[in-house]
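Going in written order, the chains are labelled A, B, C and D, and every chain counts its residues from 1.
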């Protein structure tokens, strides 16, 4: 089936990516290529709903874009407007039922909906809706928005959407498609990214600008925190569901999730990472022979570190591109004997060397431990780990699965304790100031580094990420 | 189905990789992980034959290792000896019939066989064998060796193999497995690599050392040109079928095919590439703002160039990891509009820059042209292409599909003509001396750069690679 | 994928079969075998929801039981209560979204629901519910019942179900499963069958008794029109949502749909068909050489006719068992030349004979025409068609897809006109009196023969079966 | 995957069916429909090789016709000549390697080959060929014929075939296809059937006439024992490889294997079975209430018995059409509780009745025992088993897998002993005279009833069918 991104066990997961096109011939093909460019944001499931201006048609399934949409399926989806979704995980129940977009058949006109993010007050909202007679087929937050919008069928659609969004607390980028309109909206803190592009006479919206590039669209602007953009035959219309907005983009979008070729709030992701690496070299220099990065997300920071420090960059670890979901994991016995399949060290590069090892973050620390052990077995003389972001001390409630609070290595260990656990000769994290500088002084959500959450929380941090809801 | 390596259209193809284990519990699992490490050498088909010392059992199919061997299939292959094969292409007819290993059921004992390379006199040999009553079910060279070995059933097996090999002219690394023996042999010019490793009480042979590392085996030595290594319960036995041997390893193994973490003849592949990049910087310097490489095989050379020139290395192109065999290619119309899915340029990195673009080779030039065009569209001010190997002026007869003679861009165009075709501001290739230095003065086959073929050829170079036989 | 029943183009389709078990270890396996016995009622999709008393888990998909539930899937469904569903068709939109059972995640406890039949006032009910804020993900009637039940979350579940059923007009057999209860209910006219069986300490409900036999359960009784049976840890509890009930079982269950080994209201289906054939022989005798039946559903009637008439029964038509959904239909050109794949006549049996051809019904007449033509080509001297039920003159609104009104051959043609169209030497239908006698004077719905519909209709008969909603 | 014929565990298996067309547009489609009509002869694997007069192209795989040839695959096989094959079983090793047709790439022109039957001296022939240098990739007899034909490449093809056939002892119907010729041949005892038909300007050959009918071809004649028919652009040419011929068609073709609508040696299969049933009624009458047959192959005999005895025929057993290869077998525990899925008795028909149970044969007796037990559980008062063929006392060496000698119930038990084992009230087999009369006094191979084998045997009857070679 599907390919997955975790060529080594990624420890951070985001839940999704969204993509939409309006007034573009071959809307489903464009969405296919757009979702393909967003595939790194979720490989577990995906879907496309297309409008031919008279009705909505959709296909969704578990698996990646390539698997869910063979040519025979894709060509059945004809229309000029479309929305699509890639989803990280379907654990937490529901399987295909939680795959998006959701398509609702309604007497006032069908509509479809998909989203990226996490609603922190979803439980409360769901109970209220159930009390009024709503029933739910999935455990997804998207279904909640749909119920909120259709609570009162007498008001106008845009008014209903504005009303509904007021109830939602948390992080979200939502797309809603009707026969002849596309609505795109972002939470009032701007936690999840969402950008608009133009393609000939049509418009495109996407979680990342790399998806605009992938289909040849021109970047127009980012959707603003609290904004609802309505796209119809007359073009773009802007509206805000809240005046109380801030720009608090998730820092992890720069550090880890987004593709290096995406720009967020005008800043290129690769550039921010390389800069983080440069600053890290200044903050925490070390005498060493080579700099190596953990592929793929840490390579930019590793180049930056090498450049700023003057220590040569080397390809010290490579990863096998052919690992995927159906791959058979080596048994513990085989693993013990040295069978490895995701990351391979270059023994002849590493042997006898003092190594600066750059990674983007430490979550549970298990991957770091394995890599360090591998490098030691290859004869690394010293290993100096440098992390291109601050230590993660708190869980995320906004759609990033940083694993549970008690599993976060830095939540209960200081830097020296972490160093001892992962067995490096030295360890340093980028400072918060460094991160701010790397992100060009943009404002961002740093809750996982600081415990300063921008919204009210509806559950205790010890329960975060425990329900497998994403 | 299978994942393929060509995240952009690779223009050079090799036909296969071989792997064998002897006297190792869980031989088929080890072969699975070994083949997985060799997957870059061929994704179109693969197979494993295992011996439990009493009989041989095999599975093979079209597709990559992960697809052909789900857990349910792999666990049926129990035994302590095994050979396996990954194959680049099954075009040219036969489909699954050409997938290896070949398993023959014989009254004297079953045997299996697989190989990497190309026999240049296969047509002549096949005609002779048919005249004596042999019939062939595939168009593979491997079947020829099997027929040669069993021509006369009265002689001892090792004698029969030695006799048979004498007839074969060309490039090969062969593995033959019987119930209780594993034979590994290399052509007398040593064109194709083959290395031996040790794993506890057993032995491992593989086309590349990265496959030894992948299963935790210790490198012992390379098999020598013209050598037949027999592995049985008493260990390794060496023999030579020819005294007239040379070491003429294919230069492309270093330049393009092999994984960066493999060592060939004691030289690490990444290191040789980085060194080629350094030498290229010295031979053909240029004033520029950034150095970028074409992922993945040219990245090492790009680092080398950046390091030696002092020009910063940047990630200017990234490739989408989720492309694969079943992916739907954009229609020409969509492609025209800018839909792309394999390689994406980082606009904000490239815009306004003077770029040194490093690639490992130019074959037909079509990929180079597309990349250059993409970079121009992103606003590159100047593009200076630097190729980390000499110009390819002649086709390969030894198992590398460098496309046909007339399609080789440098075969009929000098450097300036090529530059005009691919539309760069400047273009330079590494010199032959540079390549020799990068390969540590090892001897190698440079026929594609020089037309100096180490063997007699049995067909005209204009017909090379036309039959789609690989 | 799935096998389908239409070994020749069946012209009548029913929409589903339901099956449930309560308090039986291996509930999902039992449901698998139960659904397998009901597979003739629908091959397009199926699903199972199982309760382990604490939570509900479900799997459903397009395809038949064998395809949707490979061993690896089935074994994940562990529990002691379960309901399952086979579905005829997913045309009319929705695809997998319309496959049942539906599983709802509710704060008061999850519940699942499946049904067989058709609600005639579903459009009105849906509009009312939408006006109150309900939104629908499928076009299935089942979702309506779920919304009706949960309209007011303050009342007790059984009361809510009783209240909800009052709103439903039409034909239905519903199963509702919660963590610890199974509800089974039938419409107040008893149009769709539903029987209860006992298996050790547990209970079983099924659309047909053949499914009780298939798992070794003992028949207890049929559920009565208007009855709601609640099964919990204390056993069976009976309740009625309406006092205004009649027993109007669908005659087509005897004539065509049900398996010959099922008993409905105490009468064996094969026996009723054979008796219909006997009565047909008495009502419409003819001088002939052989009696043949159209396999499979008309064979019982053919035996009956042969027995009563004394004319020898012969196997004059056989059908190929290997036809299925993925089979490639012969092109018109090949069909013209005589390529056939579903029904084959036995030329040497038919040649020169006066044939009595027995079929269960004539719907559009196209199949009859093809069969008659085939028999003529084989040299049948005379063809006397005898139909073991009255002429169908009106569409069904209760879950039988008798195609649309205007396509019904007998709706606008008398017997002689039909005879001329299908080109037989004579034609006769069973009389209504004959059908009553064959069904042992049981009361039944004969609307398709008489236009006497037992319920109010909410749409014009000219629109019946046009929406492809089943 | 594939559908299989064994809706209850069939105890007799034949190995294959062959089909060929010459000079017919859309040869592969015709072969597809022809093989589909022969699917009952083998569902485990199938293949088609097609000639466009310049080259041969083939596809084969495990699974039934529908599974192996989706439309996308079938349309790749374009040509005007073709041969195809359905295979019963691939057990005995080799899997796909043993699936036919075999396609050989030869300097003198490619050729393909398939066959139905069993060569009794294959071991000896294989050893001789290996001694001369042949090597084998399958354990199939077909490969032997190919090697024999090409032993000496100097003689003409037809002479080589005649020469080769002389060496073969046993039962066979062979088809050989070259670019422009189709050869069809039968063993000198005529053990396996093979018929020729005409279709416009082309010819068709098939194991059974039902396959000629299926594509609209007109029956021409049966190929004679020892005959080689060559079909080329000039039409049919007849030749004989042996003068020492007899017509000894396998009796089981009439009794069990062939489709009721096939004619063998001019006698319809259904008619012969019905006649066997009539004769059985005369030979072994019994007082009873109903006659029932074991579906499907015994139904014709049951009608015959009912007609001749005057006892009413009833549908006492029905089988589920949806069983197939991937169906999950009930566990012994569930089976114990009464879960059944292949054959269902009609309780209300059987209860309290004296039953005549007709079956076509008894092999190991296990199925008979199960059926008898099922009928007893349904309340049958008496069960009188009548077998429409003589008792099987010896194994078959000619391609019928009657299981091994020691498993044949009648090999070591007389009729009374068998009756006690299967627990019926009475038991009778058809006499040899009865069988001869039912087959219209045609000569046939009755070795399994008499131990009179028409050929020399090369192994002891105790070893027959033990090697799983089919």
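The rule we apply is simple: a contact is a pair of C-beta atoms (placed from the backbone, for glycine too) under 8 Å apart; a residue touches a chain by one contact, two chains touch by 3 or more.
None of these values were measured; they are calculated from a predicted model.
When the partners of chain A are compared with those of chain C, no chain appears in both lists.
Mean C-alpha position of chain B lies 48 Å from that of chain D. For this pair, chain A with chain D, the centres built from the Cα atoms lie 60 Å apart.
One simple way to say how far apart two chains are is to compare their mean CA positions; for chain C and chain D this gives 36 Å.
Shared interface positions of chain A, i.e. residues touching 2 or more other chains, are not present.
Contacts between chains close into a ring here, every chain touching precisely two others. Pairwise, the chains that touch each other are A-B, A-C, B-D, C-D.
Interface of chain B with chain A (complex): residues 3, 5, 26, 29-30, 32-33, 36-37, 39-40, 43, 64-67, 69-71, 74, 199-200, 210, 213-217, 259-261, 263, 268, 270-271, 274, 296, 299-300, 303, 307, 312-315, 318, 320-324, 326-328, 330-331, 334, 337-341, 344-349. Those residues of chain A whose C-beta lies close enough to touch chain C in the complex are 59, 93-97, 102-108, 126-127, 130-139, 146-147, 150-153.
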